[in-house]
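Each in structure tokens, the structures are laid out below.
In what comes next, chain A is part of two complexes: it sits with chain B in the first one and with chain C in the second one.
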Partner chain A sequence: MRTSSRTKATTQALAAIFWKGVKHYIRYPGNFLIYLFIPFLFTLLIFGMGQFVGGGNATANFAARTGTSNIIVYEILGSAVWMTSWVVVEDVGVALRDEQMKGTLEQNFLAPVNRFTLLVGISLTDVVITTGIFFIVVGVTLAIALPSSFLNLIPAFLTLLVGLIPMFGIGFLFAGFVIRFKEPYVFTQIVNLLFATLTGTYYPVTFLPYWAQFLSGILPQTYVIDDMRQIILANQTLVNLYGSVFVLLALALAYPTLGYAIFKRIEKRAGVTGEFSKY
Partner chain B sequence: MNPVEVQLLSKVFETKEGPLFRKAPRSLVAVDSISFGVPKGEIFGLLGPNGAGKTTTIKMLCTLITPSSGDALVNGFSVMKDQQRVRENLGVMLTGERTLYWKLTGRENLEYFAALYHIESGYGKKRIEELLDLVGLTEREGTLVENYSTGMRIRLSFAKALLNEAPVLLFDEPTASLDPQSSRLIRDIIRDLKKKGHAIILTTHNMEEADILSDRVAIIDHGKIVRLGPPGDLKEKVKSNDIIEIEARNISDHVAEALESFSEISKVAVTTADPSGDKGLLRIHAEKGKEVLPRILEFLVRKQTTITKVSFIEPTLEDVFIAETGRSLRD
Partner chain C sequence: MLGDLISTPLWFFFFALGVTLFAPTTSVDSHEGGFSFFLLGFVFIILFSTSVWGMGQTVRNEQMAGTLEQFFLAPASRVTLIVGRWARIFITDAVIIGYTTFLLYLVGGGIITLLDPGLFLLGFGLYEVGLIGFGLFFAGLTMRIKSYTTISNLVFFGYMILTGALFPITVIPTPFRYVCMAIPFTYFIAILRHAALASPTILPLTVEFVTAIILSISMLIVGFVSFNKIEEGARMQGSIATS
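Right, the complex of A and B next:
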């Protein structure tokens, strides 16, 4: 048999996993459409509730607490990042369980491909999906509301890209938990709702109690959402936001390392218990 | 050294069973200190009933399950220490048709797995064409697997196991759910692979398949190898007895137990002869079968069984299993 060199083999495997994911998205398009609509629907829900509770003072109160009167853009940015984090947790975290239920997980694990390559390959598909969500959801919003230049999309997108790395780390962590404990959607739904509550998706995190703000501080989404709002609504640059970019970079190192270490530990245990074959 | 060397391999699953908060730990011995070797160009059959430990053995060999003790070497690499190298030297077909991506085409499935096996892409394309042709799927290579028949999916899964031209091949029930024509095709390919020098391990609960394909068979029950040898030799050992097969209605285990008290009868096994469970099949190992048969029939009539067929048969591997365990492979 003719095999590829190590680097070429890894690239080839990554490309294959990436394209398999893309083909599945194209052939099951419903998920992607839902991901595009949910940010708008949740924004409308929050907007409606805000108007109902705040009455005539709603916009003024909002501006006083957030520094902007552009409620729709503020909420859409939160929703778009939440959706991105949702995709990562759901796709990376559930992907292996999904493969397990389909019967294909063992087939992947039978191949001499590295487990890390498998997880990164799945993540690469998500980079494309989340990029799609970002440009469609945020781009459409900017086109309608136009609070700032379209050029601000670039630094906002860069923030998202850096933020995706620790989010994938969280995904790796959940991939392990899901193999061990099964019931993937119990995990992902609870976690996604917690993320929406803790990361400033619909309101500033300063409204949370201190202990909850500590949790917000260790979640990458908090920084991505805040930076995006600063860039698009307050015309800040990445240089001005260096503090939070630095934290994001640190989290980008910490979460994948921690996530993969825990995944490997659970995977090793799964070999002992025969967990891979259990549905 | 043989391409496959299994040395005192065991697997004990530790589980907890019982009501919530009162679960008690329980150990289940799935494979119990088995040892065997498979040389180049040999088809080695693992034969046993469901739950005997065949699939657990295969999964330990292909690194999906970690052995509790012992070791196995695949082309010289240990399943305990060199898992990546073991996987490089193995082609595996696990049982079932859900081992493929149904939303990918046949060709896309093979391309995907070729990449995971690090097969160089140009060579991989050629290899995929050869394999699609080999299993008769060239014309349907662009069809999504969800639109394949069960037989086509199993043939594709079989082709996938041959992608990396591994020296050691593991096939877990390769012809289960296949029509006779596809089964013949797979068996012919397995024979060709043997001629090319691959070491092949085949698990099956189909005794005819184990008999016609395997050079040697290990009969496995409750995780232990109870007999090992060429099928002809194993059958020779039970030839000293006549084997009587009786198909009848109203056969119970009590009837079988009572028959075993006949001095001429050494073993009796009961299986269901039809899916409705109405008819049973008695397989009786007896000395001087022709002499004892009238008494057996008389006894069965007295026990109100309705006999529909009686025959003397040549021993099969199933009879070897019955002689060793007192149970049928189809139990």
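Right, the complex of A and C next:
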């Protein structure tokens, strides 16, 4: 009885936090529109710069290095995953800082809701947002540029879903850092850019030096981007990609655990030093 | 500023790596010209950000913090206040540009060539005057449009793609190229690149220069007039400080 009422209370709390996040996006649809446009705009930029550099042989040069001449799909897949990672870092990582700046963080923390529930509730909103971004951005691109691979959207999306779990763990980590260091936008800008550079957003990670490839190997986005490209451009199945799927599952265990543990540690310290109320 | 000092070179590397996929697979020594082209492109982007994010965002930030009315009640003209913010951002961005150029030189990227420094400075002056006008217009927009971030992001990307900042407009298919030619910044960038790298201008040089002068002064006047008109309208509606 106590267990079922506690479960019901947790579910209600999750639902409330989730709907609050969704309402924010409905009330300010411009944010969501930007998340949809940015992948296309960055892809256009890289494509234009590439055409200038490569001239008439741009596509051939690209194909020689990546194994595919479908530049737009290759780049959009990286763009879409980068955008989902951006959304998670901004939303989950900065959400508590936003509450802090509005002066409502302490009230949130005083609510009879577990911190983990609070963070998971914020993450649930992002599952919906990132799903929308993925299906609209990648779906539209495939419908135009590679319709034969349209059905591969589903296994590609499953890869993204698994990859989202470790990304939320990274978000928990940033939520803690941001409460402590108070400079969310500088922090998230640098982190988003590092993720884009290290995870092969617009190029294979093999382009990077070995020490950078090591860092790429511990980021979930690297596997998500590569697997999506394998599924959509090379018609691989999730079964064939079992190695990277297992790595993603391992990261899905490690990052949320580590991220939440660090968040709790910083939160405990913040409670002692009074960081919560500091603007 | 620390974030910009770290992120600006990272952006350059990020784009450079992405573009390398398209470069010839056999080694061709076009390293220095390409480097100057792209680094100049980044300089143009940083400078453009002073108008959109420096001037326009300034007003938006004051609005969100609830201090815009106090800001406008200061004993200085509105335009002076906003252009003053531009000056601060410009100096900061000049430091970032200098630092990024030096850092890229250290990692073996080469240096920017400036074949005609005099023409470059003149073109730069015209560009900055146009930017101030554009920034004033954008600052006025923040008092009318609340989804400022969305619009400024779209404008920023539009600038990067359509004005020849990161690649020549000759890469863009012909029908869309007319859109590029309708944007004043395209001419400023073409003059600056011509002065630095002797790249071709869009119009004959003299015609392009006269066009740039007219556009620069017009943008300043339009920015000034539109800012004052929008502000007057916002004061009458009571929407200056509404976020």
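Quick notes on this one:
The definition used in the following text is that the second predicted complex is superposed on the first by the 273 of 279 C-alpha atoms of A that agree within 3 Å, B and C clash if a C-alpha of one lies under 4 Å from a C-alpha of the other, contacts with A are read in each partner's own complex, and residues count from 1 in each chain.
Please note the rule applied: a contact is a pair of C-beta atoms (placed from the backbone, for glycine too) under 8 Å apart; a residue touches a chain by one contact, two chains touch by 3 or more.
Since we're looking at a predicted model, the values are computed, not measured.
Of the two partner chains placed by superposition, A:258 touches none, neither chain B nor chain C. In the superposition on chain A, A:207 makes contact with chain C only, while chain B stays out of contact range. In the superposition on chain A, contact of A:145 is made with neither chain B nor chain C. In the superposition on chain A, contact of A:247 is made with neither chain B nor chain C.
Within the superposed three-chain model, A:66 lies in touch with chain C and out of touch with chain B [touch as defined at top]. Touch criterion met: A:23 reaches chain B, while chain C stays clear of it. Legend: residue contacts after superposition of the two complexes on their common chain; A:238 is shown touching neither chain B nor chain C. In the superposition on chain A, A:272 makes contact with chain B only, not with chain C.
When both complexes are aligned on chain A by C-alpha atoms, chain A residues 28 touch chain B in the first and chain C in the second.
Those residues of chain C that touch chain A in the complex are listed here as 2-3, 6-7, 10-11, 13-15, 17-25, 34, 38, 147, 149-151, 153-154, 157, 160-161, 166-168, 171-172.
Those residues of chain A lying in contact with chain C across their complex are 28, 30-31, 33-34, 37-38, 41, 44-46, 48-54, 57-58, 61-62, 64-66, 75, 183, 185-187, 189-190, 193-194, 196-197, 201-203, 207-208. Listing the residues of chain A that touch chain B in their complex gives 1-4, 8-9, 12-13, 15-17, 20, 23-24, 27-28, 102-104, 106-114, 268, 271-274, 276-277. Contacts from chain B toward chain A in the complex involve residues 13-14, 56, 59, 62-66, 84-85, 87-88, 90, 92, 94, 96, 98-104, 108, 111-113, 115-121, 123, 127, 144, 160, 164-166.
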